[in-house]
Structure formats: C-alpha cells, structure tokens
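Okay, so chain A shows up in both of these, paired with chain B first and chain C after.
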Partner chain A sequence: MSGPGGLSALGATLTWAKLREVKCAELEEAADGWGRAGNRADAARDRIDTQLVDDLRRTQKGEASRAAVRRLRRLSMNFQYIYTECGLLRTTLNSLAHEMKAQQRVLQRALDDAAALKFTVHPDGSVTYPAAGEGLVDGKPLAGGRASGVPNPGLAGPSGLVAPNPNAAKAQDIADRVARAVRTAADVDWRYAKILRGLKAEDGLSVPTATWTDAAGDAAAVRQAAHGYLAQGIPHDASPAGRKAWWAGLTDEQREEYLAVYPDQIGNLDGIPALVRDAANRDNLQLLMGKLAGRDDGDAVTKLAALREIDRQLRAVREPGEPPMYLLGIGDQGNGRAIVSYGNPDASRNVAAYVPGLNTSLDEEFARGDLKRARDTAAAAREIDHSTAAIVWLGYDAPQSPDGLNSLAVASTERAETGAHAFRGFMSGLEASNDHGDPHMTAIGHSYGSRTVGAATQQGGGIPGVDDIVLVGSPGLGVDRAEDLGIGKDHVFVGAADNDVVTRLPSKEQGLLAAAGRALGPAGSLAVDVVHPGDDDLWFGKDPASEDFGARRFTVDPGPPLIGLGRVTLDAHSQYFNPKLDSASADSIAMVVAGRGHQVKQEGGR
Partner chain B sequence: MRAAGGAEGLVAHFGPVKAELGRAHQGLTAGAGELSALAELGTVRASWERRIDTARDECRSLAGKLRAVTVTQAEVNEAVKGSFDGVRVAGPGSGPGLGPGAGAGSGAASGGKS
Partner chain C sequence: MTAVNNDAEFPAVYARTPDGFGVRLRIGGKGQAFFQVDTPCVRESAVADPTTKATAPLYEGEFIPRPNIHSDFWSAEAPEVGVTSGR
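Now for the complex of A and B:
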C-alpha cells in the first residue's frame, strides 16, 4: 500500500501554520469555474441535440449532410463527457474545501484554547505551558514544560508517569488536537490529489467506451469522497412530497452539483420532477454503460445490450406525433432497473404505469418489447386525450424461471411484496410531482406484475393516487374480490385471452396444462406451475377474469392456441398491448388509461 | 445554413472558457497554501483546456463544411431551377405543367428534354 509512505512524507511537510493558510474560499471559487465550464458544455450538447442535428436533417440530404450529422453527434458526446468531468472536478474541489475547513476549525479551536491559557504552540505543533500548582514538599509552583502531540492519542501507550503540573494535561490535549487536525488534513490532501490525478482529460475529440468506463470510475471515486459534503443531504427518508420540496429549495449551484455527482440517486428518487430525473438518468446511462463495458461477465453483457438499446431510442429522432420519451429510472442492481415514460408524467392529466411480470429483467428483449408496450399504450391513449403519459416500470426483481420452480414459489410472495413497496413509492412520487391537482392515475399489471400490483393495493392505504387498475394475463393477484383493491370494483379492468394458459384456472385444464408445460420445457412448466400452484391457491387467489371476482372484463382476442400448427406457443399471453395483434385489448387499455374506462366494451366473466 | 451558424455559435460559446477558468483559479495560483492536490490541479486544468480547444476547432471546421454543403446545395437548386427555366422558355405553354412541387428528379428529366 502506497498510502502510508506517501502520507507520512506529506504529513511531514504539512504543518499547522500551513493548514491555517489553506484558502478554502479560493478552492470554492475554482470549483465555480469548473461549474461554469461544465454548464457551457451542457448547453452546447443541448444545442446540438435539440437544434443543429434536426435543422441539418430537415434542410439537407445526401452523404455530406449525413457525415456532418455524425460529426455533430460525436461533438455532442464529447460535450457530455466534458460536462460530466467538469461537474466531478467542481465537486472534488468543493468537497476538498469542505473537509479542509473542518480541520481548520479543529485547529483554530485548539489554538484559541492555547491562547486563552497563555500556552505557546510551536511551529512543530508542540505546546509549552507555564509553571502551575504547588509542590507537595516545598509548596512552590511546579515547573512548566513542553507537550508533543500525537495524531492518534489512543494508540500512544501510557507513560506510567503522571505529571503533577495541571497545565501538562491541558497542553497535551491541545497538542494532540493540533497534531490530529494536521494529520487528517494531510490525509485529505493525499486522497484528493489522487482523485484529481484521475480527472485529467484524455486528448482528442472522440469518447470511446473505455473513456466512459474511466469516467464511471472517476464518478465512483468522487461520490465516495464527497459523501460527507453532498450525499448526506439527499433526503432518502423523506416523503416524496418532502423530497420535492427539498429539491425546490436548493440553489441552482446545489442542484447542478447533485446532478453531476449523484445522477444515480437523483434520477431514481421518487418525488423529484420528471424532467430532472430524466436529465440525471440520461447522464448516468453513459456512466452505467461505461461501467458495464468494463466487465465481461454474462450479466454485464446482457444489461449493457439493454442500456445500449434504450440509449439508441432516446437519441433517435422522434417521428411526428410520437410521444416524447423520459428516462425516469435506471440502474444495474439486481436484475436491473429501468423506468421509461412516454409523455411527460408531471405535465399529463392521465398517468399510467405498467408493471411487467415473470422473467422480465433488464435485457434487450425488455428494452424493445416492454418499452414498446408502454409506447403503444401512450400513443393510443394520447389520441383520446393528448395529456397522457404511459410508463413501463421495471423497479423490482421479477421472478426468473431459471431460479427454479421451488424458488419461484417462495419468491412469488416475497418479490411481489418487495416490488409492491417500491411501486407504491414510485406512484406516490408521480402523484407528488404531477402539476395537476388530482391527476387520473392507472396501475397496469401484466402476468406476475398483476400479483405485484395486487400486493401494492393491500399495503398501507393502497397504491397512492391510483384511480383505475388494469390486469392482463393475470395468474391471480392475491386478492379474491375486485372491491378489495380499494378503488371500487367498477375501476378494476381485466383482460384474459381464452388461449392464455397463465390466466386459466387450474381445475379446468389441469391435464392439458401439465402436458403443455412439459412440452414447453422449463418456461412452460413454470407457466403451469404458476396457474396450478398445488395447494397454494392463496398466493394467487381467484381468477380475476371470473364472474365472482367482480371486475370489468374487457374483450380481448383469444390469441393463438397453446398447441396449434404443429408447435406450442405462449403468444396469447403476450399480445394484450399490441395494437396490431389485439386491437380490442390495446384499445381498451388505452381508454382506461385516458380516463374513459366507463366506455370500455365489456364481456361476461368466466 | 442555420446549422452552420449554430456551429459557429458554439465556437463563440467556448471562446471565454480559458479566461474564465484562469480567473477562477487566480486565487489559487496566487498561493492558496501548500497542498499537493493543488499541484495536480494545474495539470488537470491544462488537459481540459486542450480538450475544449480541440472541440472548438472541430466546431469551426464543421461550420466551414456546413457552409460548403449549403453552397453546393444552393448550386444544385440553382441548376435545377435553371433547367426548369429552360423548359419554360423552350416549351410553349409549359408553365401549368410544372408546379412548385416538382422535385429534382423531374427537373433533371425536363432538363434532358430541353
């Protein structure tokens, strides 16, 4: 370890007089300079992405124009890199000043105490004290002396001798505090010098993946260092409304710093405005991709492919009429996290969030298929009421079939309950950040996601802000009656395709399902296990499409049969959102989302 | 043309960065204490000034390229327009046959006829 050697060399050069001289205000001024440079880069990136590229595409065609667009894209990425690193530099210097000021205060208090006692603090940190007390034998004052401080007094062994002069202990305490402040400041200096060394710019114009991998490492180092300076201020324990108020109360400079250093936390904090979350997550997306690109395990490769696909969609030029895309959450923990909204959820009157189910994780299939479900829903609902946003919410670890059937059985309750808690927090955040007094909100659960939505309705006061619930392809949701969901049974909508095995009651087709399950391999067995969990009916409850459940069942296409045309297919479970394959279902979902649930065409329960 | 102007705008936008950073570090260079972190900061600053300069050069070069593309495009448009004019002059009563929506492709064909 190189630290202690370097540290002691440095510790030898830093004295208390030098520590006192460190001009922290100047460090903060330099930090501001980096903030301004970063803001310029951010503005330039914004200008390129929102204006220049569009202008060029609209007005010019041909290879020369395409080449120019490529160069603009490269510039934009370059400015994003400059913005990210300048932000890290700014906080590094502010955090350095913050830590130095703390040690200056410790030092100053020790010096003040010495002055009050008329002790002398010498350049080497030792403290001389005058004679005091009286000798036992002659009654004369006891001689003064000199105390040398130790940075870690607890480590210094007892001398075995007790100095009788009462000033001796006081002088020792002062000398120790001086030594400790100097030693700690030297340690701080060493740590920040190392961080700054890592924040040098690479030469050139392009930003290859490896540069983002380095930047992700830089960000992690600065986050760790700045923990005491910034991170402790983030109100994780506050309510979403409290977090919104916290954000609103920050200065522009403070917001910029949080966004630059903790985009991972701000971007995923429920209650923070959607536009802020989106900006933070777009920045963090580059760092996350850089971090994952630095690993070569299967998990990293899978998640990286998903993030690249999301990044591609975020950068794509939007077709006219297409709802704008907002990245409300992103993360690589667990099976991965991604929350994407189509339409601005803060500005919209109608906001819907869709919870995906079994086997969903942050992979390319999710990035294409599940995002498309939310996009299709938003597009259709916006035709009914333009003020609508639809969200896909992968904010939990859905069960995965490779976990094995038994582990799923155990996980089913646990993951739904954990996911439900996170989902409620998210919806509460949407409710807090929405500009409308009482937005119309819909929770949509597909497959196991309906089990998660069901669990959320049973926690606390139900799902915050939710007026309507849509359940499609549901294996049951742990609740036996629609009215138990707490929003009125007329606001619970169910879509269940005749050929969707996941929605079939176990007693009806037990034999067929068992056979089909075997034919489908692990996934099929899993599906069968889900619909026929032996004696564990309680986990999934009554079929929500049944008459007894009491929800409004809307018409859906039966979907392709489980076994047909010489193959086994579960497609009937996966087309509820698809306007081409099941327009009846997709339209009904859109109507509920747009606040027209009462107009949905109903069919009888099973 | 607007894109070219935009790229030139970025050149101007980054013009003051070096001076701004210089001013922001004035207090430190005048002596803010003897920290080894400050010794690193000088090298770091120089590296970012270089990086921003390179980006600025690219904006400048791109602005030039975009202007050239625009000029070329304008020349093509001019040529197309010229060929339309040719048709008008050559073909009696040709006016109604060539609406404003005629593209470059039909322009080239008309040019061939004239």
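Now for the complex of A and C:
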C-alpha cells in the first residue's frame, strides 16, 4: 500500500517557514481515513468468517460449496491484510504528525522569543539583533549583528572571541533552536517517508506467506517509529485492575491504534478484557506466522507448525454446543507462549487454568494435545454448569527433557518459580477482567506444571482468586501438606495413576522403578537409579497423593503399565484429562472446575 | 465397573473392559443426562451427520438448553432432592 507522499520532498529543502506551515491536522485526518478503511475491512472479514462461511458450511455440501468457502477464505485473508496495513498506515501518519508537531512547537517558541526581543528571523534561519549594552571604551551601545544557527551546537564550541553585545548570545540561542527544529523535522520526514514507502502490498489477490512476512517487518518498523507516540502509554507496571481501567478510559480511536500496532503487547497484557486480547492475538498470530515463515531454522519450523494448527482450530466451524475458543496469549519468545480459553473467561462464573509441564513447548503436539485437554475439561464442566471456561496456559518455559526422565532428575525449581510469577499475574488479570464479583477459579497443574502451581501458592498471598487446586501426574510440588497451599486442604484435589512413573519418582514403591531400570538400563532413558530411601518423598517433596499430604484424592484409571506389550510407555502420565481413556478422572477434574469439588468421588491416599 | 459416584445431584457410573470398550453415564446440571460409549478405535474418524430429518428442535449456538419440555407422563411433578425442575 502506498502512503501519501506529500512530505517526501520536504527533506532536502526544508526551511523553518515550511515547517511552520506543515498542516499536521491534515496528516491526522488522513490517518483517520485509513483507520476507517481498516475498520471496514475488519468488519467485512468478521462477516465472512462468522456468517458467510459458517452458513455455507452448515447448509451446503459438495465441491461447489467447498470452492466457495476457499474463495471466501481468501477474501477474508485479503481483508485481514488490508486491516493490518491500514492500521499501520494510520499509526505511522499519526506518529509522524505527533513528532512534527513537537518540532513545530520548538520552532514556534523560538520565533516567539525572537519577536519578544524584536529580533528578526531571516528565511535562511539566521537571526539579526539590534545594538545593545555598553562599549568598554566609549560606553556607547555595541553594534547589532547576525547569528547563524547550528543544528548541533555542542559541536561548535565558543570561540572565546564572542562579541560582548548581550543580544548576541540570545540571538545565537534562537538561531540554534530554529536550526535544530528544522534539522530534526527533516530527519523525521526522511524516516517516515521510508516507512510509508515500505507499506506496500504485492500485486494480485492472493496473500501469500511472503506478504505476511513483509507485514511482520512493516509492523516492527512502525512499532519502532511510533514508540514515543504510543508505546509509552501502555501501563506495563500497573496492576491488572489498573490496566483494565486504563483500557476502559481510552477512546475508540486510541484502542484501535493500540490494537493495530501493538497486538503483541495488548494481547498478552493481564487485566485487559478477554475479547480484546483475543482480537489482538488473532491479528498477531498472522504476523507471527509471517515472521516465522521468513526463517528456516528448526525452532521456527516447530513453532510455525504449532501456530498454524492453532490458527486452523480458531477458524474451524464449531458444532452446536461446543465452547468457543479465545486466544488469550501468543508469542514466539523462549520455547513459545500460547494461552487458549474454551469459553469466555470474563463472562463465566467458573474459570480454570491448566498449567502444562515437562516437555511442553509451542509445538504441534501442544497445539493438538494440550489444547484438547482444556477443551475436554470445558466441555465436561459445562455438563455440570454452562457458565464455565477452561484455559490452557503455556506462559512459561517448561523444562525440556529430550532424553526421557533423566532431565527431570536435574530439573531445578527455577523455571517453576519464574513460571509461578507469570501465572499469578495471569490469574490476577482473569480475576480483574471477570464480570462476576467473585468468580470460582481453579488452578490445574499437570506434571512439572503442578510444581509451578505449587510455587505460585507460596509467592505473595498465593494464587490470586483461586478457590480450588487440581494436581495430576505430579512429581511433587515443593509443599509438604495440602493445607500449606493456602486455600484449605478440602480444596486440593489430586489424581495419581498407579502406573504413572512420574508420580513415583522416586517413591518408596521401588519395585516398579527397579523393573524399569532393568528393562531400560542399556537404553539409559530413565533415571531410575536415583531412587533414594525417602518415604513419600518425590523429587519436589511429599507425594501429594499420599495420606500424609492430606488432599482429596479422586479415582484415576491405573493406565497402561510402564512396560507392556513389549515396549516402554509413559501413557499413564498423560490420560488424566482424556474423556475416552479415563472419563472418571476427566469428570472429576471437570466437577472441581465447575465448583462442585465437594461432590467428587473420593478415595483414600496411597 | 471402574468408578461409581453416588452423589445425589450428579451421580455417575463408569465401566470399562480390559480391551478398552467403555461406557459412561453421568447426570449433569438440571438433570441433563450424558451417555458416552467408547470403542478402542484404530483410527479417529468423524461421525457423519444423520440423513433423516430431525423430529425434535435442533439447537444452534454455544449452549444447548437443559431439559425444558414438560411431558404429563414422563416429567416429575415435584422436583427431586437436589434437582431443580426444568419447567
């Protein structure tokens, strides 16, 4: 897209007179125009995605309707791209006007000072001043003169032969300020002309990946340029409630600009309403996919596959009764970030967040498996209470163990502590943005994620807003007693499959581990030789499924044995949420999530 | 029988054979019953939509209503313990 080139000729020949006449209001009007165009594109995209495609898919079958859906998808992508680029153009123009106005103010103050002193500012920026002061010899006023401005006064040191006319220094100062304003404005003009020239689309109707890669670059350039104009306003240091209030206090125009230029920041800001985060992250998802498609390293390929799968799910047509998806966070930093909610977490009375653990990162397995856990949990909880949302929260770098459980042995608690801090921020944001006075909130930790949840309960005043905690497949959580989690031990629920080796690491049941050790010794994939003679002690403290821990233990299928059918399987560690493989466990988790934990079928500790 | 929850409001039974065939019956909110049967499928496959015309209202949208039709024969006159009448 090409921007208006009105200012591009300014750079070479800019004078203070021209700078004074630049009509910034016109730039802002142009920006508003791009904003309106972008909004229309956004509305059109929305109409295609939520009405036309859905209706077509529901009512029509066959090749013709599939072809029509493909065409509509392409049209939708076109509108999405138009929306993104219009938003960038709008903010570029507003930011340009913002910076130009600043220089106009500097210039105007210098001109006002000159007028007050009765100095004359010449078209070339030099300043003449009248006679003043007293001569040392004859006492007559010293002759007037003319000062030329230096854009960079620091470089031109005083000569030591400065005329003693007191007006000379003042005139020099005014001339310098004029020169600086003109020079800075010329720089601004040059910078923005370059950005605007870059905001151009390829010819043709298709929006190939390369175009999104280009759009990601555009967004980065505009973000950098607009830093002073927009980014400083984002209240990163405020509380979630403060951020919610900040967003509520913005005008529609301001919100649109933040969403267009900083979807990455708004989308991941705890305290911002879920619908806003979702809209921002869906836009940022396209930019992130474009950015990663421009790289060909393994990390980018892995994350891109995950993002594409998430994008596919976001666009899929939902069956009646299925909870809708909200993208509450997305990012490519570290091992990748993704937060997906099934059900609107602001509108729901019950909100649960599941923290995944060992070996979780933003890859295709996460995008399929971990998202499904949240979706299944939401669906089962909604059988009990419609007003429920379940979230999968990958907001931290979970430990990775390419060599099986060996790495768990050396996994420190550092990532849990760091993750716990981020998780508390997220839950605090959910609490602030929820429409209900006191929503029922549940934290679910699986595997190392339970260690992260455990750490979060020990920081500050515990996990904000959380009423119930569910721990499944836990290697221990760094806390010895359920009551130490700070929510009452009757609100702590534990699921531990008999054959889940992670929940036995290294417990007193050494038989299983010893057997595993014998079977796997040569392969060396399991660190089973680390068994120490502790009683209920797991890696990270007391076994939460033990009697002594004092939590409510719910019934869980034992799962397939570690060594069965001639192969080693850790599947018993991964079916707690699965409504097909262990519906009793999945239903128990769902009942806690729906606020009916006291009605969960309990069994004794082990 | 792998698990039974004899809660008055949300009773549920779960059964499974050693080779993975499973049945689950659970009563959810407002007396809605949920019945699920699992077979150890080799491959995931989508279930095709029925080809016959529906004889009851089809529901769209996020929330399928709880039982909300009264039958003089089937519907209980008084709400049972812990269950809210859908009338």
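The rule we apply is simple: the second predicted complex is superposed on the first by the 550 of 606 C-alpha atoms of A that agree within 3 Å, B and C clash if a C-alpha of one lies under 4 Å from a C-alpha of the other, contacts with A are read in each partner's own complex, and residues count from 1 in each chain.
Everything below uses one rule, namely that a contact is a pair of C-beta atoms (placed from the backbone, for glycine too) under 8 Å apart; a residue touches a chain by one contact, two chains touch by 3 or more.
Note that the coordinates shown come from a computational prediction; the quantities given were computed from them, not determined experimentally.
By the touch criterion defined above, A:Asp278 lies against neither chain B nor chain C after alignment on the C-alpha atoms of chain A.
Once chain A of one complex is fitted onto chain A of the other, the partner contacts of A:Lys601 are limited to chain C, with no touch recorded for chain B.
When both complexes are overlaid on chain A, the residue A:Glu99 reaches neither chain B nor chain C.
Of the two partner chains, chain C is the only one touched by A:Glu322; chain B is not. After overlaying the two complexes on the shared chain, residue contacts for A:Ala584 are found with chain C alone; chain B is out of touch. Contact with chain C, but none with chain B, is seen for A:Asp385 once the two complexes are overlaid on the shared chain.
Considering which of chain B and chain C touches more of chain A, the answer is B. In the superposed pair of complexes, A:Lys200 makes contact with chain B only, with no contact to chain C. If you check the complex, the residues on chain C that touch chain A are 2-7, 9-10, 12, 14, 16, 22, 24, 26, 28-29, 32, 34, 36, 38, 58-64. Taken together, the chain A residues at the contact with chain B in this complex read 10, 13-14, 18-19, 21-23, 25-27, 29-30, 32-34, 36-37, 40-41, 43-44, 47-48, 51-52, 55-56, 59-60, 62, 64-65, 68, 71-72, 75, 78-79, 82, 85-86, 89, 93, 96, 100, 189-190, 192-193, 196-197, 199-205. Here chain A touches chain C in the complex through residues 320-324, 382-386, 555, 557, 579-580, 583-584, 587, 591, 596, 599-601, going by the rule given at the top. Contact residues on chain B toward chain A in their complex (touch as defined above): 1-3, 6-7, 9-10, 13-14, 17, 20-21, 23-25, 27-28, 30-37, 39-41, 43-44, 47-48, 50-52, 54-55, 58-59, 62, 65-66, 68-70, 72-73.
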